[in-house]
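Letters A, B and C name the chains as they come in the text, with residue numbers starting at 1 for each one.
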Amino acid sequence: MASSPDGPRFVDIHPLPADDGPAPKPRSRAAARQVSLQPIRPPRPTAADFSMFRTKSSLSKPPTPSSLPLRAEPAPSPPPQAVVVPAGRYFAALRGPELDHLRAHEDILLPKDSTWPFLLRFPVNTFGVCLGLGSQAILWGSLSSSPATAFLHVSPIVNFSIWVLALASLATISAVYALKCAFFFEAVRREYFHPVRVNFFFAPWIVCMFLTIGAPGAVSTAPHPVLWCAFMGPVLFLELKIYGQWLSGGKRRLCKVANPSSHLSVVGNFVGAILAVRVGWAEPAKFLWAVGFAHYLVVFVTLYQRLPTSEALPKELHPVYSMFIAAPSAASIAWANIYGSFDEVSRTCYFIALFLYISLVVRINFFRGFRFSVAWWSYTFPMTTASLATIKYAEAVQSPVTKAMALALSLLSSAMVFLLFVSTLLHAFFWRTLFPNDLAIAITQNKVVSGRKKGAIDSKNWPSQPQDQPSPVPLASAKI
Amino acid sequence: MASSPDGPRFVDIHPLPADDGPAPKPRSRAAARQVSLQPIRPPRPTAADFSMFRTKSSLSKPPTPSSLPLRAEPAPSPPPQAVVVPAGRYFAALRGPELDHLRAHEDILLPKDSTWPFLLRFPVNTFGVCLGLGSQAILWGSLSSSPATAFLHVSPIVNFSIWVLALASLATISAVYALKCAFFFEAVRREYFHPVRVNFFFAPWIVCMFLTIGAPGAVSTAPHPVLWCAFMGPVLFLELKIYGQWLSGGKRRLCKVANPSSHLSVVGNFVGAILAVRVGWAEPAKFLWAVGFAHYLVVFVTLYQRLPTSEALPKELHPVYSMFIAAPSAASIAWANIYGSFDEVSRTCYFIALFLYISLVVRINFFRGFRFSVAWWSYTFPMTTASLATIKYAEAVQSPVTKAMALALSLLSSAMVFLLFVSTLLHAFFWRTLFPNDLAIAITQNKVVSGRKKGAIDSKNWPSQPQDQPSPVPLASAKI
Amino acid sequence: MASSPDGPRFVDIHPLPADDGPAPKPRSRAAARQVSLQPIRPPRPTAADFSMFRTKSSLSKPPTPSSLPLRAEPAPSPPPQAVVVPAGRYFAALRGPELDHLRAHEDILLPKDSTWPFLLRFPVNTFGVCLGLGSQAILWGSLSSSPATAFLHVSPIVNFSIWVLALASLATISAVYALKCAFFFEAVRREYFHPVRVNFFFAPWIVCMFLTIGAPGAVSTAPHPVLWCAFMGPVLFLELKIYGQWLSGGKRRLCKVANPSSHLSVVGNFVGAILAVRVGWAEPAKFLWAVGFAHYLVVFVTLYQRLPTSEALPKELHPVYSMFIAAPSAASIAWANIYGSFDEVSRTCYFIALFLYISLVVRINFFRGFRFSVAWWSYTFPMTTASLATIKYAEAVQSPVTKAMALALSLLSSAMVFLLFVSTLLHAFFWRTLFPNDLAIAITQNKVVSGRKKGAIDSKNWPSQPQDQPSPVPLASAKI
């Protein structure tokens, strides 16, 4: 809804690279060198050139090679969209806990100063909005139905309203992202290879399961197993892909790509297990719990160790750390649902989540001073999951203390979601700054070592031509 | 049986280095340099010189030093068999998931072009054949006796036949390997220090336990505890040795030597736990399960992280990855046997194994195109263990789906074993290529940096003599 | 008591740097260079200058800058006590499993040849004495009251005597360390930042809990919950601090600072859980167990992997390895206390501890040949904890074997404590060598690269002045 006015605009902006055109023949060696320094990157377009991120089949005609006379001759470098950006490159070119800020001295493929098409600026972590709202729907459903919070007399209408809102946001965001897939598939591909973003591809399916679990009246009637199959299928497919990458996939080894948002790839299992219990399939639930637990263990230990190879965890704390709470909370709820009681395992998982929660709360001053972004949304659902686990715990251990804990955590998470909701509306419609240019998808494949090279241009002899940098312009032609 | 015709041949081939003899005095500097470049390696014998791998006491007389006039003068390098090859050297000189292929530019101590004595070519992972057959014997025993597969009406004769076959293969292979220990103890020592091979020293004892567990009629009569002591003793001894190395043993730290075959050192605990339950010793079973579980956890996390220090895990998938299935399957069966029911812990372990199994099956195309080797055998027993766990699971959860799973996995593992059995027979008796030269045990202690040095020969001044390379020929004599 | 005769002596030794005085103006360049090589370190005081480690408020007047004419001019380096020594610096300057030996070529801030004030030589790991005695008090309480060891007829008087001794030692050591905090707070701060020492800040509170648990007659009357709050509060505060550092605290990442004494930070949780059960608070006990277990898992895996970044684990084994036994033993006892029976989880933890115990005992020869130090004490309490767990186990599994195990381990730990007690008394009162100069707190902030520089002094040109080394003496003045 929020983005529909912007939605159709992108289609007719620069459908083809009109002025990708004949680069002026360089006369000086320095100018030629400058070209050779940017081997993969096309000459900076004066107006924006977004065709490289378009779905290939949606390009009516390929860019004419004759328009790039100098570059086409020696070794026609593959078009940028054909090349997969290696994982290390994302870490080298980007910074911040979400790897969404460009490092100094890094250049990007798209113009920084103009606004890109809406779809290109629409990141996959926008699904975090649905995660936050969907989990809130479950929370308010629990608050109204749980015996531990019966004293609150929460009306089921709250649950219903939030559920409808979550459903609407999911429908909207899914529709927009589907358009992005259709028109800018190469940008989606780059998000898929982004070490942080890839985990958000789990989000839509987790939200679907959230909505099924938190549907009004879901407690009375069990959902149909086909829903579980439909939502869990893509999650399992993605998991086989991503866990396999950790174990055997070349450079994307876990000790390199592990970051707090990796928890998202684990949480799906526990949510799926909860839904499996709801549809009446206990054994698949246990299967998912086991898979989730094994990989949670690995991710937990890896993140706690903070291996020197893992560059994603920044020195300062950040909302991204709240992800640590999500997996043990969800594991606790799932185990309690599967085995019917909040027993030792549930409690151990829950208390681990609680300790991590406390550990973050006492560092609350770290959380201040960060610029709002849509990614913040995904950090509300761990808080909500912890609240849900606390309600479950308060059902098992009935005392004023546990009820107070459940109430406090629930209010905290709801307040957080409300604040974010208002901020998002303000950013979306008032300031219109919700979706800045998404630099993370537009990094170059190779580092343009401009700093070191600028000094080298003046020097007469180039004794050591760097081997890792393909030079499309041969030296002979550069000396013309 | 299969190797007995070749067996006795090795004894009388080159019992002493007859022509290890006087290398011609080098006249040119290049030739002298060439000698100095291979400091530890003796001059390439024209006929094979295998005495360095012989058991020292079996050498009737030491090699005469006078036959090596040039080398004996400056610094009589210690005989190769006296020096332990450091762990890092194996990783530096070898490649492949089993560390059995020589890297380019690496040289070995034995002639590559001739066939070595049979015993030297007989690697310790031949015990994998027994692992595969022994586990199959248990599987077919389970298929004939388990209520979950009673509908198959499997005759116990199958179990008996495979058991006899497994026992025969164990007897043969043990006998041959005992001969290797007796005559080529230095080669056995090098296998013990090999980061992958060392784990196969657990195999004979695990096979013994397999055969005791899978013995025909074993379900009716409990084996005597003395069998458990006899078979588990060496496993515990090896574990104290190897786990201690991980924790405190110099360079053989786990983050360095971890590889999928490390699972073999863990599986022994679970198999031992199952046997302990059979002999009626529940507490030692629980002890072994705990020890196995703790170390499985460490190995699992370490392998999943794929630390940059661990060079053993290759980019592409390989049969060696099937090892991942073995430990959780065995842990699941052991727990169910100890505590009498296929409960949460059993299920969690089993489902982890199942997920890893699926994770490998969907990557099946990685498994094609590999050259057959005897090491493949050890990758059948994880499949069989998973089948056994599935049968246990099908007993606990009785449904057509679980029965179908048990049947499918059992058939898959049996088909795999059958295929390997035929391949092995073909390679052993028809093509006679079952045991190629075992390059892994013949690597040099020090890297012979021939590539870099070849350019240095022409240069007049050698400013930086590498310190880590002992030069038995002093520069003065090299300038003759 | 033991240290009270030495106690008051420190106060009046060198209360102020009387002769920190005017360094003679260097005449030769070499002499000037020598000064410039020690930029942070003040000129070696002829008599001791301990004011830098004093609590700042306790200094009556600041050191007069005029007494350092040469150094004060160019860039008045911050006073050393104001700067936090980075974690990596401790690893770089110190060696040994307890990081208490100075590396060669390292210099320290205090004179090596004279004896420092008593308080400066009083390290925080002296609390290990209380850990050892406190756990022995519990052990002898258990021996006299447990049905598994009732056949020994141990008198409760032993428990009482050891408990009083432990209480007295705790009071004495706490008093002395409180004085250290009051007068030499900067030295305490340096101990807090020491990667090994920091874990001993948990010790006083663990000892308090030991004494509450092991108090004579504690089995009959439950202690008051306020005791638990008083003792567990500081532990939880420290944990939030230290676990947070692992996860998000700059350079003190776990893969860097992990060492066996990190177990101390985990054991506190399990001891706190046991005490919580005693005071009747089951849920907080479960919370602590979960927190302890999660972090034990991380520490266990990290230590077992021996990451290359972790330099604290030496090649050879050392008493510090006995720390490995403490956490699983305590976890086992705590779980049994919480859930009322020595069940699967208790047993798994206990057997892991037992295996690690065996693993150390078979390497007993590694333990010989180490110089006695007060740190040895902290390595007795893991043995005692293992004995306590064995007694619990012998209660659950009643057999002569388990009783013999309980008896043997108890005697072993008591003998060890007795030996250490005698050694400590001898070192304290007879040889007076119990507290040597505590080099670990006096390392310099920056490495003084004297070795490389000594050659550079003779050379005419200094092309590359190292950037990380502030040169307080400018080159111009150095050429005088």
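One rule holds for everything that comes next: contacts are C-beta pairs under 8 Å (C-beta built on N, C-alpha and C of every residue); 3 or more make two chains touch, one makes a residue touch a chain.
Note that the structure is predicted; figures quoted are calculated from it, not measured.
*Asks:* Between copies subunit B and subunit C, what's the superposition rotation on C-alpha atoms, in steps of 5 degrees?
*Replies:* 120
*Asks:* Given that subunit A and subunit C are copies and touch, would you call their interface same or different according to whether over half of its residue numbers are shared?
*Replies:* different
*Asks:* Approximately how many whole Å separate the CA-defined centres of subunit A and subunit C?
*Replies:* Comparing mean C-alpha positions, subunit C is 43 Å from subunit A.
*Asks:* At which residue positions does subunit B touch at least two other chains?
*Replies:* Expected reply: 297, 301, 307.
*Asks:* Along subunit B, where are the residues that touch subunit C in the complex?
*Replies:* Interface residues on the subunit B side: 240, 243-244, 246-250, 253-256, 258, 283, 286-287, 289-291, 293-295, 297-298, 301-302, 307, 309, 339, 345.
*Asks:* Quick one: in the complex, what on subunit B touches subunit A?
*Replies:* For this pair, the touching residues of subunit B are 297, 300-301, 303-308, 313, 315-317, 321, 344, 347-352, 354-355, 358-359, 362-363, 366, 397.
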